[in-house]
Each structure stands twice: as C-alpha cells, then as structure tokens.
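Some structures are shown below for you to check.
There are two complexes below, and they share chain A, which is joined by chain B in the first and by chain C in the second.
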Partner chain A sequence: MHKLLTDSPGEKMLLLGNEAIARGALEAGVSFATCYPGTPSSEIPMNFFNISMESDLYFEYSTNEKVAMEVAAAAAVSGLRTIVTMKHVGLNVAADPLMTLAYVGVKGGMVIINADDPSLFSSQNEQDNRYYSRLSGLPMLEPTSSQEMKDMTLKAFEMSEALELPVIIRTTTRLAHVRGPVELGDLKPIVKKATFEKNPFRFVTVPAVSRKLHVELLDKFDKAAEISNGDAYNEVIGTGKWGIVANGACFNYVKDAVLDLGIGENVSILKLLMSWPQPETLCIDFMKKVDKVLVVEELEPINETELKAFAQENGITIPIKGKGIGAFSRLYEYDPGMVRQSIADFFGVEYKAPEKMDLAATPELPARPPNLCAGCPHRATYYAVKQVFGKQAIFPTDIGCYTLGLLPPISMADFVICMGSSASSGCGFAQATNQKVVSFIGDSTFFHSGITGLVDAVHNNHKFTLVILDNGTTAMTGHQIHPGVNTEPMGIERTRIPIESVVRALGVQDVHVIKPFKLKKAMESIKNAMEYDGLSVIISEEMCPLFAKATKQFKKSKPFRVNHDKCRNHRDCLNFLACPAMYLEGDQVEIDKNTCIGCTVCAQVCPENAIVPVKA
Partner chain B sequence: MIPNDPMNVIICGVGGQGNVLASLILGRYFVDQGMKVTIGETYGVSQRGGAVMSQLRISKTRQPAPLMPSSRADLIVALEPVEGLRMLGQFGNPTVTVLSNTRPWLPMSVLAGEHEYPEVSLVLDRMGRFSEALWKVDATEIALGLGSAILANIVMLGALQASVLLPLEETAMRRTLEASLPPKRLEQNLQAFSQGQEAVKRH
Partner chain C sequence: METKRLVFIGVGGQGNLLASRLLGEAALAMNIPVVVSEIHGMAQRGGIVESAVLLGDVSSPIVSSSEADVLIGFEPLETLRALSKCNKDTVVITNTHPLPPFTVAVGQGTYPKVEETLKFIRERAKKVIELDGNAIAEEVGNPLSLNMVMLGALIGSGTTPIGAEEMKKVLSTSTKKAFLESNLKAFDLGMAKAV
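Up next, the complex of A and B:
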C-alpha cells in the first residue's frame, strides 16, 4: 500500500512538503488530479500517479499546464474535489484559463498548487506568483511547514467550496523540498463521478455573462477577505512593540531569529498564512499596536507595499520597511543568517554573525555542475549534429535534461526562454538571420508546447532543422509519462501518439528518424536535413537509460574499456563526449565498467579504435 | 542526547550517491526518538553528477527552520571529500566535526582537464585543520568490496553510528534501516552498515 494511504489518524510521519500536500488532498477526499510536472512541484503528482493505481483517484499527466487547468476545471464545475499542480512558470501557461475560471468559479472544491522557485534552483526565472492571486482575484494560502502543507490543502478544499472559487496554494522550494513531521488525519472516501448541471448563464463566458460574473467575483472576494481577517488562518504571535510580518518559508527563519536573538518579549509577529485577500483589519490593528514594522518576504515587496497602502489610508505613520533593510532584496531566497542580521539591524539589537572560516590556505575547489548521465542519448545526438553543422549554427534549445548541452564540451545551447520556445524561436532566427539554425526540443516538451511552433514553421515556410530528442519519457522531472510514451511495459493503459505521425501530419516534408547510437548513419541523415532547402525535422529516438532500467526495458550491453596498446591519447572521447563513465588514471583515459552502459558512442568516436568491449 | 539544540547536520556529496536516502534515514531515526526534525534538501535541474546537500536539523523542543545560518554546522557528513571541504567553507566553525569518505568523485570539468582536483590528502588535511575533529572512512572501497559503490552512503551511516558524533542507538538505528530499505537489498545494506561501524572501531 502507498504510504500516503496509511489509515492511522494521529500517526506522525516524516513527510516531504510535497507529500504532505498529496496527503492533505487525500484527507479532503480528492477525486480528480491533473498536472504537468515541474520542479519543485513534481513529487505531488508522482504520488498521485502511484495512488491512482491502487485507489479510485483519477489522475492524469496532462499535455501542459493550460490543459491540466482546463481538464481540472471541468471536473470541479461538475462537483468533484479537484487538484491541479504546477511550477510557477507553468502557471504562465495556464494563466488564460485561470483568469476566467475565477469568474465562473467551481462547485466541487478546486485547489491549484503553485510552486515558486526563489534562487532558481531549477527554473528559468524566479517570478513571484503571489501576483497571480492579485491578478485573478483568487484566494492564496501560503503554508510554512510540512504540517501546514497538509492542513492548508485540506482547508483549501473547504474554503473553495464555501466561496465557490478555486484556491491557490503557493509553495516555494524550501517548503516543497523540506521534510518535516506531519500528523495524519482521517482519510475521506473518494467520490468517483458527479453530474454536471447546465447553467449557461454562469458557465458560458460571453461578454454579457462575464460582466455579471465579474461582479460576483468581487462579492466572493469580500467574503474571502472576511475569512482572511478571521482567526482561522492569519494570526499575531506575541505582544511586543516590534512588528514583524512574515509569510511562507521566511516565517521559519523569523521564528529561529527571534529565539536566537533573545527578543521574543519585544516582538509581535504577523504570520500571513492566507496572504490574499490581505487581512486588512488585522493588518491595521497590528500596525496600530507596534512601533515599527519589518516585512520579511522573499522576491517582490508585495506585503510591504500593501501594508504601506493600509497605513496611509488609516493615518498610521510608523516606519514600515522590508526591501533594503540589511541584505533584504528582491533577489533570490533569503537565508536564515541574513534574516537574523536584518532583524538585528532594524530593531537595533546586538548580533554578531558567526565568522566565516578562513580557508585561505585551501586550494581552489573545482565546481561541480550536474551533467548528462553515462550513456545519455542526448550526448550522442549533440555530437552527431555538431559534426555535421559545425559550431557556427544557431542552436535554440528548450527545457529538459538536454538544456545541459549548454555546458562544455558540448556547448550547443544558444537561446531558451520557456517550454516550447526552441521550435518557435527557430522560426524567428531562420527568418531574421542568414545563419543556419538547429533547434533542440525534448519529446515531452514537444507535446507540451512545441507543436504550435512547428505548425508556424510549416505554415510560414521557415527554413531550419528541428531536432526532437525522443527519449521516451519526461526525464528531467523524474520520468513521468507523456502522450508519446509507450506505457504498456508499465502496465498502464494510455494511447500512444507517435511523434513521427504528428510531424508528418503537420505537413513537414523532410522527416528523418535516427538512432543516435548509430553515429555514422545518424550523421548521414543529419547531413541530408542540412542540405534540404526548407524545414527539416529529425527525430532522435533512444530511450533514457535510467527510465529504461526503472521500467525493466533496459537491454544490457557489455561495458567498454580502453585498449592501451592502441590508445594514442588523442582524448577525443573525453574532449568531445565527456561521459561520466570516463576518468583519468595518470594521463590515460579509463572507463569505469560499473558506470558504462555500453552505448558504444565513444568507441565510434575513437580515431584509433582503441575503445573495445570488456570481455566477459 | 544531542550535544547542541538544534543540532545542525549537513550531509553532502554528489548526485547519485544516495545523499537524500541517508538524510531521510537519519531523519526517521530521530523522529522515532520523539525529536523534532526538519530536513532541507538542495537538488536542482537533473542533479546527477552535480553537488547535492541536505541539512538535517534536530531539536528536542522546537521545529527548526529548514535551513541553518552560514557557519553554524555542528557536524558534516561528506560522501565526497571536496564536497565536504566546500561545505566546511560555508557552514564550518572551529567546533564542527567532520566525517568524510576518502574517495574522490571527479567532476567532468576535471576529467576534461579544465580544472584540477586537489590532492585528496591535501583536502583531508584541510578538513582536519579547519574542524575540531575529522573522521576518515574508506566508504567507497568498503562499498565496492560489498559489490556496489552505491552502498557507500550506508557505510557512512554505520561509521557515523560507531563514531558517536551523533547519538544513534544501534538497535533502534538498525530498526530504522529495516523500515527504510527495500527488503531485497536489506541484507547487503545491513552488511554495509556493520562494515562502516568496523571501519571506525579500527581507527
């Protein structure tokens, strides 16, 4: 049985924040879950996926976040308790349905999990999605611990049904990827089906309907503000004259700092668990009772600005500060030392930060960025394309493991802004320059938002090459399925949509399917694509070896070794491929037979044929 | 009992070494002992081969924040020496203790000749010099002797138990291992744990 289905209320489990959210949804009796995976949200749907195999929960990996939001919206207006999860930039993709779903509202509780990534641990930007609650008018909860991740998810369903509005829960990496104790509650039975009741004057958003719905949204917003002002979510801790306002992960750093600085008696903390609508009355009362206020929030000065507006309207003239105090800025996540220092600075408390170790006598340490795995097919595709096109072509790339093609020695990534941008920006580069253009996109990303770019390329006669790196899974976020995956070996019934059929159906004339581990043949096809006067698509098919192993589809091959009688130390293997299975022993390249998966690519690259299979 | 409250532990290494599992096992152990535990993980993109780090914070009285301030580690468990020294630079202080694997894992930039990996003996020497005590374990060698380098994380846990750098009661720790590992691999992992203990006792 899945551990999150453990039916023992009162038991304490050490749960990842994302697991706690999944558990909270189960305790709310969630029936319907959708997502597009994205760090740091991916563990939520991975748990739902597994749970759906042994319960009545419906779960799907949707094509992209917009689709996930719309599929979920239909379930929620039909009356089912529904959850949809995504990372912060995913909500950009889903912003269109979000904005008008706020107008029509829901019947069954609907919870939108949005995972922000301050400090960009694995994202292309660090936008602050608290703005989406302001933009849409939807309530936002910001839990501060694993326990609250569970509790708030459960309560969000109740609030959503009471207001007939979707509720957004905003997490950040420091909540999603933190493990803490969680006390389990009762599991609720899952309702499998609902009946949709027609009501075109609510659900069909023609202008005449939406004009009225906007009024209703503002009414609901007032009700949400009442909840926010009540004592169910937001609270003031302490009675001191020094005011601190904190939300999300920052609340933990503030709690630690106040203890550490020994200023508990002097401080009042306004903890914003429901951060939108702002609890206006509570904020005003709070500001009236304290001498000054420090707002501790990562990224944008949202709470700070809103508090200042409340103060202005109510004739409150105490100092209200946030950004600019100590090292508080709009950049990156806060760290606990910085929070201690800023609090000490602002309230004039003595604080001596522990001294940094002086490691002056230490040699410089080599950086260790992540790299493509041993036997990763992307490495082979990149090598083959570089051999044919050279380094001068423009290489728009996309979001996935293959973005690591940025790093030397591959160095084949020139432009990426978001999911799907490789296909469409390829159109732009091809038209705007006389340079050759080769765009790279992964299989899952192609379905997510690459198809529309390819349609543009066909329709507007753009001349470039799109390489679709088809490794049979959504690899980077943890091997999720997508519409192109053959799910049979996993015992899952989903209809596969072969990428080649999609590409041909879109009208692409020059289509090549290559096997990247067969370098010579692959390069011939790539050369043909390069010489074709028009749009070419190359589909590079080879399963991610980690996924293949995990799903028992891996065909074991002999690992390789370097034959030192033949090796003349050109090091083409290391210099062009840099596979993690290779290492230097003295100045000789060796291959670790435990890491090598026998992809044979280095053996094909070696000019001396000095890389040979290990004899059994 | 834990020597400091909260007790700040860093477990660091290279993606793929089982860093997360090691921190999870320790976390579970202390939760079972009735302690309040918070584990913050740092892993981004596809971290395989990249530097990874978990912060394990243990308290008797309060739920600690997911991150510790710089220079406030009490204990660093390094599955890879350079990663240990890197963490020592950020979180070290004169009273920190370090338990380190001795086997380096070379970054690709080093293999490709762009950067240098300092002499391991120098790395270990510096870790000793910049900490109150350094415990060295040939965890990868031991793990390879048992058939797989991946067992190094459990060897390190065994060494940690025997070193008494953290109060880990042996029987309870073995129970946590049993509850956390797949039954198929349990026997091999328990062996790795025992050999880690032995390695420290030989010290």
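Up next, the complex of A and C:
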C-alpha cells in the first residue's frame, strides 16, 4: 500500500512538503488530480500517479499546464474535489484559463498548487507568483511547514467550496523539498463521478455574462477578506512593540531568529498564512500596536507595499521597512542567518554572528556542474549535429536535460526563454538572419508547447531544422510519462501518439527519424536535412537509459575500455564527448566500467579504434 | 533541547539524501523535533547534492554560512568547498576517497591533492574525522553503502542525540533485505572509525 494511504489518524510521519500536500488532498477526499510536472512541485503528482493505481483517484499527466487547469476546471464545476499542480512558470502557461475560471468559479473544491523557486534551483526565472492571486482575485494560502502543507490543503478544499472559488496554495522550494513531522488525519472516501448541471448564465463567459460574473467575483473576494481577517488562518504571535510580518518559509527564519536573539518579549509577529486577500483590519490593528514594522518576504516587496498603503490610509506613521534592511533584497531566497542579522540591525539588538573559518587560503577548486549522464542519447545527437552543421549555426534550445548541451565541450545552446520557445524562435531566427538555424526540443516539451511553433514554421514557410530529442520520457523532472510514451511496459493504459505522425500530419515534407547511437547513418540523415531547402524535422529516437532501467526496458551491453596499444592520446573522446564515464589516469584516458553503459558512441568517435568492449 | 545543525554534502549518486532522510526518521522515532531539507532536480545530474538536518528547537530547514555544527562530506573536494558552512567549532566528518568532476578530465581546473585538502581542513576545524568510506563500502561488498558508512561515522562521533540502536532500527525497516546485512556492517565499520 502507498504510504500516503496509511489509515491511522494521529500517527506521525516524516513527510516531504509535497507528500504532505498529497496527503492533505486525500484527507479532503480529492477525486480528480491533474498536472504538468515541474520542480519543485513534481513529487505531488508522482505520488498521485502511484496512488491512482491503487485507489479510485483519477490522475493524469496533462499535455501542459493550461490543459491541466482546464481539465481540472471541468471536474470542479461538475462538483468533484479537484487539485491541479504546477511550478511557478507553469502558471504563466495556465494563466489564461485561470483568469476567467476565477469568474465562473467552481462547485467542487478546487485547489491550485503553485510552487515558486526563489534562488532558481531549477528554473529559468524566479518570478513571484503571489502576483497571480492579486491578478486573478483568487485566495492564496502560504503554509510554512510540512504539517501546514497538509492542513492547509485540506482547509483549502473547504474554503474553495464555501466561496465557490479555486484556492491557490503557494509553496517555495524550502517548503516543497523539506521533510518534517506530520500528524495524519482521517482519510475521506473518494467520490468517483458527479453530474454537471447546466447553467449558461454562469458557465458561458460571453461579455454579458462575464460583466455580471465580475461583480460576483468581487463579492466573493469580500467574503474571502472576512475569512482572512478572522482567526482561522492569520495570527499575531506575541505582544511586543517590535512588529515583524512574515509569510511562507520566512516565518521559520523569523521564529528562530527571535528565539536565538532572545527577544520574544519585545516582538509581535504577524504570520500571514492566508496572504490574499490581505487581512486589512488585522494588519491595521497590528500596525497601531507596534512601534515599527519589519516585513520579511522573499522576492517582491508585495506585503511591504500593501502594508504601507494601509498605513497611509489610516494615518499610521510608524516606520515600515523590508527590502534594503540588512541583506534583504528582491533577489534570491532568504536564509536564517540573514534574517537574524536583519532583525538585529533593524531593532538595534546586539548580536555576534558565529566566527567564520578563515578560508582565504582556499585554492581554486574545479567546478562540478551537472552533466548529461553516461550514455545519454542527447550527447550523441548533439555530436552528430555538430559534425554536420559545424559550430556556426544558431542553436535555439529548450528546457529539459538537453539544456545541459550548453556546457562545453558540446556548447550547442544559444537561446532559450521558456518551454516550446525552440520551435518558434527557430522561425524568428531563420527569418531575421541569414544564418543556419538548428533548434533542439525534447519530446515532452514538443507536446507541451512545441507543436504550435512547428505549425507556424510550416504555414509561414520558415527554413530551418528542428531536432526533436525523443528519449521516451520527461527526464529532467523525474521521468514522467507524456503523450508520446509507450506506457505498455509500465502496465498502464494510455494511447501513444507517435511524434513522427504528428510531424507528418502537420505538413512537414522533410522528415528524418534517426538513431543517435548509429552515428554514421544519423549524420547522413542530418546532412540531407541540412541540404534541404525548406523546413526539416529530425526525430532522434533513443530511450533515456535511466528511464529504461527504471521501467525494466534497458538492454544491458558490455562496457567499453581504452586499448592503450592503439590509443594515441589525442583525446577526441574527451574533447568532443566528455562522457562522465571517462576520466584521466595520469595523462591517459580511462573509462570507468561501472559508469559506462556501453552506448558505443565513443568507440565510433575514436579515429584509432582504440575504444573497445571489455572482454567478459 | 539544544539545536544541532547538520549539513550533508555529496555528489549525485552517493546517497546523501537518503542518509539525511534516515537520520530524520530516527529523530522522529525518538520524538526529537526535526526538519530535513533537500535539493532535488538539476543538481542530481552528477552535480553537487546538499541536504541538511536540523534537530531540536528550530524550525528553519536550512543552514546559513558559518552555522553548521557538523559537516558530513561524502567527497573530499566537496567537503572543502562546503567549509563556508563551518565555523571554528564545527566538527567535520569527511570521506577521503576522491571523485574528480568531469571538468578536471577535460582540463578545466585541477583536482586538489587529497592530503593537502585534509591538512587544510584539519588546520581549521575543531575536530576532523577522516575515513575512506569507499574502501569500507567495498570491504562489505556493497559499493552503494557509502551513505551507511558516513551515517555510522556521524552517529559514532557523538555529535547528535541519536543513538546507534535507534539508527539501526530505522535502517532495518527501510532497507531491502538483500542489502540489510551489508548496510548494517557498513554502518558499524563507519561508526568504529569515529569513536
């Protein structure tokens, strides 16, 4: 049985924040879950995926976040308790349905999990999605611990049903990827089906309807503000004259700092668990009781600005500060030491930080960036394309493991802004320059948002080459399935959509399917694509070996070794491929037989035929 | 209860996330307040993997620079790189077996000599526990048990309130049968190096 289905209320488990959210949803009797994966949200759907195989929960990996939001919206307006999860930039993709779903609202509780990533541990930007609650008018909860991740998810379903509005839960990396003790509650049975009741004057958003719905949204917003001002979520801790306002992960840093500095008596903390609508009355009362306020929030000065506006309207003139105090800035995540120091500075508390080690004499250390795995098919495809196109072509790329092609010695990534941008920016580069253009896109990304760019390329006659890296999985985020995956070996019933048929159906004339581990043949096809006067698509098919191993589809082959009688040590293998199985022993290249998966690519690259299989 | 801030540092595949999680499980079993933080994602493609375990009266799940009570380094270069987490009172436990990053193989930087790295650490930390964790893992016939060796060394160091018995109980319930014996052996040998 899945551990999150453990039916023993009162038991304490050490749960990852994301697991706690999944458990909270189960305790709310969630029946419908959708997502597109993305760090740091991915463990929530990974748990749902497994749970759906042993319960009545419906779960799907949707094509992208917009689709996930719309599929979930239909379930929620039909009356089912529904959850949809995504990372912060995913909400950009889903922003269109989000904005008008707020107008029509829901019947069954609907919870939107949004995972922000301050410090960009694994993201292309660090946008602050608290703005989306302001933009859409939807309530936002910001839990501060694993226990609250579970509790708030459960409560969010109830609030959503009471208000008939989706509720957004915003997490950050330091909540999603933190394990803490969680006390389990009761599991609720899953309702499998509901009946949709027609009501075009609510659900069909033509202008005349939406004009009315906007009024209703504002009414619901007022009700939400009442909840926010009540004592169910937001609270003031302490009675001191030094005011501190904190939300999310920062609340923990504040709590610890107050303890470490021994200033509990002097401080009042306003903990914003329900951060939108802002608890206006609570904030004003709070500010009236304290002498000064420090706002501790990562990224944008949202609470700070709103508190200043409340103060202005109410004639409150105490200092309200946030950004600019100590090291508080709009950049990156905060940390406990930084928050402790800022609090000490702002309130004039004496504090001596622990004495640093003297590290001035540290030698220069070699970097350890992440790298494509040993035997990763992306490496082989990049090598083959570079052999044919050279280094001068423009290489728009996309988001996935293959973005690591940025690093030397591959160095084949020139432009990426968001998922799907490789295909569409390829159109733009091809039109705007006379340079050759080769775009790279992963298979999951192709389905997510690459198809529309390819349609543009066909329709507007753009001339470039799109390489689709079909490794049969969504590797970067933890090897999820997507519409192009053959799920049969995993024992799951899903219909596979072969990429080649999609590409041909869109009207692409020059289509090549290559096997990247067969370098010579692959390069011939790539050459043909390069010479074609028009749009070419190359589909490079080879399964990610990690996914193949995890799903028992991996065909074991012999590892390779360097035959030093033949090796002339010019290191083409290292200089062109740099597979992590290779290393230097003295000044000789060696291959670690435990890391090598026997993909044979280096053996094909070595002009001396010095790389050979290890004899049994 | 006294607060303990522990930082685990390693390289993708060495299993330090599992080690920190199991330590957290043992703390929970002993009713010691605990938070564990992990970095998933990009860092795992052969990059640096960091996790932290905080025990006692503390809610923050991460450790700021100079604030670690214990640094557990699974690879000597990475221990050295993570020294910014330490102060003069930090206990450092480090594996001495080097795992050079691929940047070294392609000539972008040189791997510092292990003996010099250890000397550098010894001159700065309050106490250093050094062990060849990979050799021990090989010795017990389970190269993947490096994390158990390091966990053993941590428990042996007596820097946490978690005892060997509690730790082993957690290992026994969370390890596949086929690996249990070698894992426990690895744990014991690691522990013997530290006491």
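The working rule: the second predicted complex is superposed on the first by the 616 of 616 C-alpha atoms of A that agree within 3 Å, B and C clash if a C-alpha of one lies under 4 Å from a C-alpha of the other, contacts with A are read in each partner's own complex, and residues count from 1 in each chain.
We take it that contacts are C-beta pairs under 8 Å (C-beta built on N, C-alpha and C of every residue); 3 or more make two chains touch, one makes a residue touch a chain.
As the structure is a prediction and not an experimental result, all values here were calculated from the model.
On the superposed chain A, the positions of chain B and chain C overlap enough to count as a clash. In the superposition on chain A, no contact is made by A:412 with either chain B or chain C.
Once chain A of one complex is fitted onto chain A of the other, the partner contacts of A:373 extend to both chain B and chain C. Residue contacts after overlaying the shared chain place A:14 against chain B and chain C alike. In the superposed pair of complexes, A:537 makes contact with neither chain B nor chain C.
With both structures placed on the common chain, the touch criterion links A:296 to neither chain B nor chain C. Of the two partner chains placed by superposition, A:163 touches none, neither chain B nor chain C. In the superposed pair of complexes, A:363 makes contact with chain B and with chain C alike. Residues common to the contacts of chain A with chain B and with chain C across the two structures: 12, 14, 39, 121-122, 145, 174, 177-181, 252-253, 255-256, 259, 335-337, 353-357, 359, 361-371, 373, 401, 404, 408-409, 476, 574-575, 578, 580, 582-584, 594.
On chain B, the positions that touch chain A within their shared complex are 14-15, 23-24, 27-28, 31, 36-51, 62-72, 82-83, 85-86, 88-89, 92-93, 106-118, 122, 126, 129-130, 148-149. Within the complex, the chain A residues that touch chain B are 12, 14, 39, 121-122, 145, 174-175, 177-181, 249, 252-253, 255-256, 259, 335-337, 340, 353-357, 359, 361-371, 373, 401, 403-404, 407-409, 475-476, 571, 574-575, 578, 580, 582-584, 594. Listed in rising order, the residues of chain C touching chain A in the complex are 11-12, 21, 24-25, 28, 33-48, 57-67, 77-78, 80-81, 83-84, 86-90, 100-106, 108-112, 116, 120, 124-125, 143. Residues 12-14, 16, 39-40, 42-43, 121-122, 144-146, 173-174, 177-181, 251-253, 255-256, 259, 335-338, 353-359, 361-373, 401, 404, 408-409, 476-477, 574-575, 578, 580, 582-584, 589, 594 of chain A are the ones touching chain C in the complex.
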